[in-house]
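Here the chain labels run A, B, C, D and E in written order, and each chain numbers its own residues starting at 1.
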């Protein structure tokens, strides 16, 4: 058998594929975070909580409404987006134009509340959520057993990422958003309804987190804690990709997923800090991140 | 938008001593000190000591954020690192407590120099992220090194005898020892902020390019501030190790870096007394809300949200604003 | 142009400002400013640095945190209208600090402000007027030189079809040839019936395009007079502005 | 002379009520403690009994601050539960210094009755050694003789892995490998692939809480059990099986000290607990019940709540209550009792709510716990 | 001016600042190409040219805020091509910025004091009281009066109007009292009155110092400058006295325009 660094080639192929799947989650999550940070200059610490909220909404829809995975994939993110839009309108919007620290502190507090309340209601061990029947089971790829559902996750996340990227980088709406980031009063003086735009942006970002949450529900335990440790890693992904760069967040998400996958084989203890090591190196060499425009 | 610091935070008036606000501040500080001297006779000393340690930690952090405009997201590395060093020195090598604290401080300063050399080359959010990344690696090293005993931490750290004479197991002796450290640390921060050097730090925070064009080697000023802040954070961590008699992973993890940011903002960054008040409040919440049967984190979350929405300048910051009126 | 200075008019002004007060936070900067601007007319605000010229423009656009008084466009009261609807009354703003967006390319900057009315200048015409912009259309906006940014700031408003344009020191930092070109452009616009409110330190330039001058000092509007009277008012101007 | 300090017996329940380990004991343990007080009769030696509780948020320094304040200001007489080892070790150290009794039911470290033992410190419910003997030893005997570990990169992970590995080897099995993952990892697929590739008959999860739950859920997804490998969760309780659901959890082997459906008495206790909390208790919660009850019995027997006297009674009295009939406290403070190896039922086998376990083997008290000699606790240093 | 300028070695009339083959490319776009520039000690030298000609970029290169793509820079006989921006300022080559660069939340007085601190050796003492800085006040006020900001000395710089920020920036630059000063459009945004005042000020400080300035206000250039260099499209178009340069038809076409008398 061909061996690479003491690992049989097929096993390595399997590990790379797994890395890619995890990368899909990083990409989706960092995408939402990058949208919110890039356009609102808010470091959305509640992103992990919104991800958790997405998963829990799907779970609750199933438990109490008998609504299954496919409808939930649409409905749950919309619910989370609407709730987030309300929060933005009533509270977060008061903090724009101030130091980003305040947005961070606010969303941090929000995350504590959301996670705390769910932990109080549902405990920490989590709730089960089964993959949709159509995607149950797996196929043997020869080098590994591939759950069909995970294949679906890769495809779905790619599609969502590209659609979002297009919306922001290639449409007029996106140009308004980017301009509003720099000088909101002026864009408003040009006749653009900036507050509405910002609300929609926050809702979009939160909705993306919730989609990731619904997609994660059949794989991970639906637990109040599922997002809390993720946020900081995902934020690192955004920074490595280059803040404000949507494409950067997506590509880096996949790349770091792969890298983390490899670390899990060669030095598993370090698998959750490898991203930070990469971040330190990248920022020292390329201050604006891999895909960032230098300021 | 690009700076990470609230503009109005620190105009630490160079003539502060003379204006009425400065006098009120001084009065408040003195009153606070008198209160602290009397406090252990009314309030539980160990609680007070924890507050003092975290207050010093927050003051050190505020030196960097509130006055130099640098948001470090890695200060836990200095706090927790120093706690480990001191705990180990006291417990395994039998060091005298004061010298162990100095050792922890020196260790933190050295770590601050290493991290600072890399981090100060970047600004704003990138600075925050580099400090986070490097401190995560520091935390990882502490997790992997045997002397820290993993998540069990270094337990039952003896408080020992100060300079070989004063028994620090006496709660009051320990309390006044900690109070002395705190007051010295606080004065050090105060002096640095209200010094010619502090004035340049503020200028750099306001407009780095302009400072460069005036001939200031801004990197050295920032590095200086970073190392001083790290060292003081280390003093706080070392002292905390003796107060609670443990040093654990919680002290070096990023959540601790987050906590000190919260304390500082809650109290009012860029004010001298803000971090002290913020630290007191957070510690109070963590310890006393623990028994109310409602999730502590939810309550803390609600307080942060309210604080950001209603008292944006922090408690002390808002008080100053009211007084100015 | 100057010879066509308007007689006292009886029709309704296109832009009417009465007793406008404005604040930055706590500090009261505008004290009862009044001015009127008729269709097709160009007026220039003059005054010392800090007199409140910029603030007047910002107040009209709704960019101050607090303003009081009356602002009417075509008779419609704008004071309560939200900021983003102001522009749709047909008014465009070229700010003093230019407000070019760094994350947008030159072309995106140009295309950014939404059209508020028909009749704006086409992109081709703009590139013809300002060839520098055409050349650098794909660079990030703020990588343009100071003068190029000024051109861009003006050009993008011309695209929107606004009928009233507020210009804050449009010739600041521009090379004489460009100042001349901008002067020509403004005259051209006037011919098309555009209404302009200008803030300008460069008298030579202002005299070329303006119909009337408004004199400001310390947040008060002192007086206004037609361009024809400029020479006779020189002594007064020297006193207030120090020409 | 009968004597109760401050005319009240105060027992503090200090545990994680909002964090990762909130399901182990949490506020439900507080309920269990209150049941013990009621079952005891509400008073001891004629004085009232009071339960206080607090959430230590898994931070040792907060825990030790609270404990100090309880002892110094609130006049708490004993502290119990103490989830997670850093907290338990810190508070036990403090209690020893203050001459107070602590009974740990929530932490697993054998250090508590080993090198860091205390004359007034007791360890109820379980420890890493018992889990290792139960799951490691008994499974090998049942044929699972080659193992691969997924271990949390933390001290409790190491000791679980190491102690279990020792039993596997001692019983003639092999350890084929281990992979160490950071705490709070969410995706285990990479590690599971490595476990699959190892060809081991048993995949042992030397981790805890949500980590174990996620690993098990993904093991089901990747068809580990379907592929013929067995899963053994070294630190896993009923509460977490409940959270995971039988779909994902079936077939897992685990060791617990108590299960509600084992006999009539357990069923009665479980039902009573369920009526109050809407869930069936696990080992830790019933363990806390037992600890509180035994402590009260000891005070009653000693006719005082003075620490040394009560500790002496705790050491000498056998434990026989709803929790266990076989309990004996060793000189190092370890309460040794029979434990059980369970396997989680398939959804088809389960007939009623919380019907999750089938019993595979009993782990006799004598095997389950380290003897005083082997524990590393220097009991000769204890004051007489 | 009271404090004597650190006098450089170059005698009056000799070249003190010079660039050879100075080139700067931005992602393939040549903003400055192959510029040779000599600034003589004791002169006021103007750098003019159409917008986007590369004037500010030349400033950035000379003061090391940008690293040149090619070429060398010598200041007072020493090669500063590789020196850092703060070092260059310490050697006595100080600039102002085209887009105002003040310390926004410091008062006007404090803005100037920051500049005075370094020459007074009051910048690194972190263990002493900032009351020491009070001794700089007299000098700072002198400078502030010179640019007509005395009535705003205790306002924060953000609260100043645009033109007054420019004035503050000039005062700050003057505070360092450097032998060579580079001004990027010092008159931009200023009212007629202030233009006269600042011109006079520049003329006064020009005595015994060297000044290189970018300026679009031609009457100021004509009035003040001994030497004029015209830049267009990154290259030198013409050079000489104002009279010579303004008579050059190429300069007329590229910069001055037809209306210029």
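The criterion applied here is as follows: contacts are C-beta pairs under 8 Å (C-beta built on N, C-alpha and C of every residue); 3 or more make two chains touch, one makes a residue touch a chain.
By chain, UniProt protein names: A, B = Branched-chain amino acid ABC transporter permease; C, E = ABC transporter ATP-binding protein.
Keep in mind the model is a prediction, meaning the values are calculated, not measured.
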Which number of steps is the smallest that gets you from chain B over to chain C via touching chains? 2
Roughly how far is chain C from chain D, going centre to centre by Cα mean, in whole Å? 76
Taking each chain's centre as the mean of its CA atoms, how far is chain A from chain E in angstrom? 48
For the pair chain B and chain E, the C-alpha centroid-to-centroid distance in angstrom is 42
What are the residues of chain C that contact at least two other chains? none
Give me the residues of chain A that touch two or more other chains. 116, 119-120, 181-182, 269-270, 273, 295
Multi-partner residues of chain B (at least 2 other chains): 7, 295-297
Under the stated touch criterion, can you name all the chain pairs that qualify? A-B, A-C, A-D, B-D, B-E, C-E
In the complex formed with chain A, which residues of chain B make contact? 1-7, 71, 118, 121-122, 125-126, 129-130, 132-134, 136-137, 140, 144, 254, 258, 261-262, 265, 294-298, 300-305, 307-309, 312
In the complex, the residues of chain A that touch chain C are 172, 175-176, 178-179, 181-183, 185-195, 244, 293, 295
Under the definition above, what is the set of chain A residues touching chain B in their complex? 41, 43, 91, 94-95, 97-102, 105-106, 108-117, 119-120, 181-182, 232, 235-236, 239, 243, 269-270, 273, 276-277, 279-280, 283-284, 287-288, 295
What does chain C use to touch chain E in their complex? 24, 27, 47-51, 54, 96-97, 132, 136, 139, 143-148, 150-151, 169, 172-181, 201, 203, 241-243
Residues of chain B defined as touching chain E within the complex: 7-8, 11, 14, 17, 191-192, 194-200, 202-203, 206-207, 209-218, 221, 224, 228
